[in-house]
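Take a look at the following structure, please.
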Amino acid sequence: MEQTENVGTVSAELKAIVEALIFASPEPITPRMLYRLLADEPKEDVTAAVEALRAEYTQRPGLQFVDVAGGYQIVTRPELHEWVRRLFHERSTQKLTVQALETLAVIAYKQPITAVETSEIRGVNTSGVLGTLLERHLIKIVGRKNVVGRPFLYATTKEFLIRFGLKDLTDLPKIEDMAEALGFDPPAGLAEITPREEMLPLGDDDTPV
Amino acid sequence: MTDYPDFESSPDAYHVRLSAFEGPLDLLIHLIRTNEVNVCDIPIALITEQYLGYLRLMEELNLDVAGEFLVMASTLIHIKSRMLLPRPDPAQEDEAGEDPREALVRRLLEHQKFKAAAGLLHDRETLRGAQFTRGDGSVAQAAGDSYEPEFEVDLFSLLSAFRGVLERASRRPKMVLPPDQISMEDRIQQLLGRLSETEACGFEDLFSDGDGSRPYMIVTFLAVLEMIRLKLIRVFQSGSFGAIRVYKRARPVDAPHPIGDPQNP
Amino acid sequence: MEQTENVGTVSAELKAIVEALIFASPEPITPRMLYRLLADEPKEDVTAAVEALRAEYTQRPGLQFVDVAGGYQIVTRPELHEWVRRLFHERSTQKLTVQALETLAVIAYKQPITAVETSEIRGVNTSGVLGTLLERHLIKIVGRKNVVGRPFLYATTKEFLIRFGLKDLTDLPKIEDMAEALGFDPPAGLAEITPREEMLPLGDDDTPV
């Protein structure tokens, strides 16, 4: 790659385009790709824009310009990775993964329910997700089931009701509710999802487990 | 409001699409515009006549005229008849706000306001759509563990998640045993007890006790399979369609241990 | 991290961390999240670092710093969109239909609102459109209205703010902007379209569940 001494003359517009492309590309963007996207520009100009950006990025505090997999990429500086990792661990409480949401839904409609029963309904192991839901106070242990192994029984919490704007568990939407409100066809055979009466007295928060 | 006239969907394109009459209010606005009359002083007889003309046209074209259009037609006719009634004291009309058209005018203005709001939102969406966030490749790496996206969830997502789970469950072959059913371990012990009395029996005989329910049969069958695996029994068949006989066997030292057995390595 | 006595100087290290965090966050990162991740730093210092970065990004050729959904984000400059789009082979985001957009506008300004109220304002049945908006996470059910039938109440989501590039609900286009689009002056008394204060706390990241 030719080191240009006329860095000052790099077209500002070209540099802007190149920066936007490198930033937005999900993969490291190769010089070939850049030449193709910017076919009207002389290759030397494109290269000069890349090199000008590379030089500018040495001045960026938190980011760096790297050559990787035959292409260019803008990434966070490696010495800051611990901070970035923390960011990914601080998950928001308002949001759930698909796994967690499904598990929560099964517990909400079938409570009280054991981990094994939840897994059976979902067809996948749910134990990891239960931990997440417990941590976020969306479910709690309400007792043990009187079967071999005496597994824990899970139910939703008062926090769950607050979080979803429910007065109580009878307030949970039923398939028919939704069908009426939104014009969805309720799938056949799903009528049994209405929570049964005996599930309703969800122990208050202060119920001893 | 937009400084980027070259966007693929310009406000003009948007307004062209709006000209389809989605509801009666859209049609009324169209009539008011084409007649170049003031929305606050609608010539109700004229507009009603044209409105009804449109409905007839829609019927002739075999378009499905939604109920909302008919409700509006009756509203217009009602207003028109009230306008024809003589008023005892027209001077009081303004203060009392008795103009029969008033409620309709307010609805039309409100409707227009939200149409305009939708247009402005569309501009914002277009502008925002032109801003690209960084590609995710680099950060997934930095984050270390696999990043699973999370979604803001509400009651609807809860219900639709549950619906999805149930639909998936109904497509799976039903092998789930009712929780209060006898466990396979217990069934193995029962069957061993029986075999120790007789040393051998017919395969079908193993199924003869119990309540004969489908889950019970399944537990029994699974128990037999497990007993074969654990080398607790041998099974022989006399010929291709002959009777199957089950024999208890002395457990060889290299036999596998049951899963969950403390001796299981 | 060194303590800066001088309020005017922003610690280079802090600025680096903040830049890396804003860059790395998969969605706009809120000030609260920054404060929490950088709990050892005085909030003013964190804010100063953010503002310093914002100023620096006005100089970046291809990128810009934006406020969206109550947080900060680095994005490509919109005027470069055609170039960036080429990267994605014309894969454009699914456009909303006019019906969906209008219904969304009603919900955005009148939230929380029921399906029936939405239909009344629009003069057409909106239930089908609500289903679409829910599936696209642009609106959510926030509770039930305490009237006969206890209908669901709908409100916009954070996803809505992000999609429309809005800082928060007060950032919705104002009635004055609309007068122009309407072609006539909005009559007095219709000015209540501006969202009320109490609607604002749209699910914040940090609200304890």
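For clarity, chains are labelled A, B and C in written order, and residue numbers in each chain start from 1.
One rule holds for everything that comes next: contacts are C-beta pairs under 8 Å (C-beta built on N, C-alpha and C of every residue); 3 or more make two chains touch, one makes a residue touch a chain.
Given the structure is predicted, the values throughout are model-derived calculations rather than measurements.
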item: Selected interface, B-C versus A-B, where C-beta contact pairs are more numerous; value: B-C
item: Centroid-based (C-alpha) most distant chain relative to chain C; value: B
item: Centre-to-centre distance between chain C and chain A (centres being mean Cα positions), rounded to whole Å; value: 18
item: Centre-of-Cα separation between chain B and chain A, whole angstrom; value: 20
item: Centroid distance [mean C-alpha coordinates] between chain C and chain B, Å; value: 25
item: Per-residue overlap in chain C, given as positions that touch at least 2 other chains; value: 23-24, 74, 76-77, 84, 134, 141-142, 152, 158, 203
item: Of all residues in chain B, the ones touching two or more other chains; value: 132-134, 136, 139, 142-143, 147, 149, 151-157
item: Chain B-touching residues of chain A, taken from the complex the two chains share; value: 20, 23-28, 73-76, 81, 84-85, 87-88, 91-92, 94-99, 101-102, 104-106, 108-109, 114, 117, 120-123, 145, 147-148, 164-166, 172-173, 175, 178, 187, 189-190, 193
item: Contacting residues of chain C [partner chain A, same complex]; value: 12-13, 15-21, 23-25, 29, 33, 36-37, 60-63, 74, 76-77, 80, 83-84, 86-87, 115, 127-128, 130-131, 134, 141-144, 150-153, 158, 203-209
item: Touch list for chain B against partner chain C, complex; value: 1, 4, 6-9, 14, 17-18, 22-26, 39-40, 66, 68, 72, 107, 109-122, 124-125, 127-134, 136, 139, 142-143, 147, 149, 151-157, 160
item: Touching residues on chain A, where the partner in the complex is chain C; value: 12-13, 15-21, 23-25, 29, 37-38, 60-63, 74, 76-77, 80, 83-84, 86-87, 90, 92-94, 136-138, 159, 162-163, 165-167, 171, 173, 181-184
item: Chain A partner contacts - residues on chain B that touch it in the complex; value: 132-139, 141-145, 147-159, 161-170, 172, 176, 179-180, 183
